[in-house]
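Mind looking over this structure? Questions follow.
Here the chain labels run A, B, C and D in written order, and each chain numbers its own residues starting at 1.
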Amino acid sequence: MNVFLKDDITEELKLLINNVQLVIFDFDGVFTDNRVYVSEDGIESVSCWRSDGLGLSKLKGLGLPIWVISTEINKVVSARCKKLQIDCIQGCDDKLVAVIKLVKQFDCSLDEVLYMGNDVNDIDCLQSVGLPVVVQDAYPEVVNLAKFKTQRAGGFGAVREICDLIYEFKK
Amino acid sequence: MNVFLKDDITEELKLLINNVQLVIFDFDGVFTDNRVYVSEDGIESVSCWRSDGLGLSKLKGLGLPIWVISTEINKVVSARCKKLQIDCIQGCDDKLVAVIKLVKQFDCSLDEVLYMGNDVNDIDCLQSVGLPVVVQDAYPEVVNLAKFKTQRAGGFGAVREICDLIYEFKK
Amino acid sequence: MNVFLKDDITEELKLLINNVQLVIFDFDGVFTDNRVYVSEDGIESVSCWRSDGLGLSKLKGLGLPIWVISTEINKVVSARCKKLQIDCIQGCDDKLVAVIKLVKQFDCSLDEVLYMGNDVNDIDCLQSVGLPVVVQDAYPEVVNLAKFKTQRAGGFGAVREICDLIYEFKK
Amino acid sequence: MNVFLKDDITEELKLLINNVQLVIFDFDGVFTDNRVYVSEDGIESVSCWRSDGLGLSKLKGLGLPIWVISTEINKVVSARCKKLQIDCIQGCDDKLVAVIKLVKQFDCSLDEVLYMGNDVNDIDCLQSVGLPVVVQDAYPEVVNLAKFKTQRAGGFGAVREICDLIYEFKK
């Protein structure tokens, strides 16, 4: 989806997009709307965007590695990532450490990483990567750290939007 | 419900509506708001509009065949269609192939099909049928392909609205 | 809650409220936002407003009988009504028949009934009772039949609002 | 998150914040958006804000006792509080009695309590404590009792916002 207008994409952003070799997402607030549904039995659910899958498929078609990093260990993250057939790292107190590990694993540099987050626990990662992205409804503290803010909110197609954007320029 | 004003319905649209012999819906984003709720156990849920049932009942009263076509195979689609007592085809990589099969089965032409969708994987179908319809919150890429856009969003009464519209002119 | 301003309540409405001897609610779209959550297993859930209970308690304190009438037979209606400790009648093809039965049971007249609905299957009841009420987001076809439209939408406090209104004038 | 502007915080409010020795929250409408999801099986769920946890962690780091008080006894409250590792008192007909008990337990005064609520059953507590707080979407009857109203609604980060505010001035 082109909610972004191609003309709005600066030359600097195009360059950053073309450089991307590794795509890393925060989970809550990015794949979800940051809400968690809690049942009497203590079972948690989250709400995601069905069409995020279409965008991720296109990215995978480009051969780009796609990872989800989540501070908490939560079965709901595993469940969603399994469905979307993407990898996830959970239970990492320091997300940047996890990002750096992935950078080594895929033999690229931090400059070639797109990291997408929404909250203060994404600050270190957003400050360290080449293409920091935040969702429309990100917390104010992190918005200024981003090179791109999606038009759609987390859990309402933000992932799909960024996938479409990368695909458009890297395909 | 007449959220549409009868005066707004062009003569061309009236003709297209009168021609309809087969009604086919996409599921996610049309019967639902395109969100999917994922639990820790990996169980998916979707949110639908209770009053869609009232509209579908009226259409069935006219003797029109009503089908749901979904790319994915998902028990949640079966569950909702069973409740609404409409048929569904799932797991079709190419939705247009499924539409053409139905056209043959019901011995009508593509011109006599109403197809309602919301996203890029509906493009082929929307381009091929006589009355392509999209929901209020459809992805921009498909809006221009439609002869009618509902006032209500998917999962918030879009199905009910289109059923009421057809019923109004075909009853 | 007084979202209504007392000055806005006409003398006619005050009279109608004072006359109320029996309070009858539709369920979907009144206690809920008209959405239904459907799981893979076909289990349905609805979303209600926690504070509706506070309003209903006050009404019960006045000794007014409170009933829910639902066309469909659905365990989710029973579950919510049980929690709120109010009675419900389900599976009535003709809601007006059910309303008339209750009128006889409580030895009052249709003029003394408050009926609250949101959709076309409430038309007969809304046209027959003394105080027809609709929710903020009721379907257009029924809005003109009402003597009062709540400021809050169904599932977002409409029930609480009407309870508070009645309590205010009948306490 | 600083949705509040520091300049907007009056000297009186700063003093009140600095005085806080005990933080007490209502649950429904504060940790949640006041909706309750009811399944066919009568199982209730509520929707919370994932990032409330980040704020509560910071407050706990300051050594402040944090409690949740709920009129109803509901397993969903226990489930959420357990996850957030905060204590809760449930089934208290009179919330103010529970607040006073906590004040004694923590050897502070009512003036040193922050109480956050959203509805009429919070009136007594809001009137009795030193720092009464309400959520953005609180019922009108309680808004005037508050010294601070959050910018965010209950279940959409109101808890996180107030935690950030206290932390900012007490750290």
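Here is the rule we go by: contacts are C-beta pairs under 8 Å (C-beta built on N, C-alpha and C of every residue); 3 or more make two chains touch, one makes a residue touch a chain.
From a predicted model like this one, the values you see are computed outputs, not experimental measurements.
J.: Tell me the angle, as a multiple of 5 degrees, of the rotation that maps subunit B onto subunit C over the C-alpha atoms.
T.: 90
J.: From the centre of subunit C, which other chain's Cα mean sits the farthest off?
T.: Farthest chain from subunit C, going by C-alpha centroids: A.
J.: Between copies subunit A and subunit B, are the contact residues mostly the same numbers or mostly different, with half as the line?
T.: The interface is built from different residue numbers on each side, given that under half of them are used by both copies.
J.: If you average the CA atoms of subunit A and of subunit B, how many Å lie between those two points?
T.: Their C-alpha centroids are separated by 31 Å.
J.: Rounded to the nearest whole Å, what is the centre-to-centre distance of subunit A and subunit C, using the mean of the C-alpha atoms as each centre?
T.: Taking the average C-alpha coordinate of subunit A and of subunit C, the gap between them is 44 Å.
J.: For subunit A, jot down the residues that touch at least 2 other chains.
T.: Counting only residues that touch two or more other chains, subunit A contributes 37, 44-45.
J.: Is the chain-to-chain touch network here best called a line, a ring, a star, complete, or other?
T.: ring
J.: Contact residues on subunit A for subunit D in the complex?
T.: For this pair, the touching residues of subunit A are 28-29, 32, 34-42, 44-45, 119-121, 139-141.
J.: Per the contact definition, I'd like the list of subunit C residues that touch subunit D in the complex.
T.: Residue positions touching the partner: 1-3, 37, 43-51, 54, 74-76, 79-80, 82-83, 155-157.
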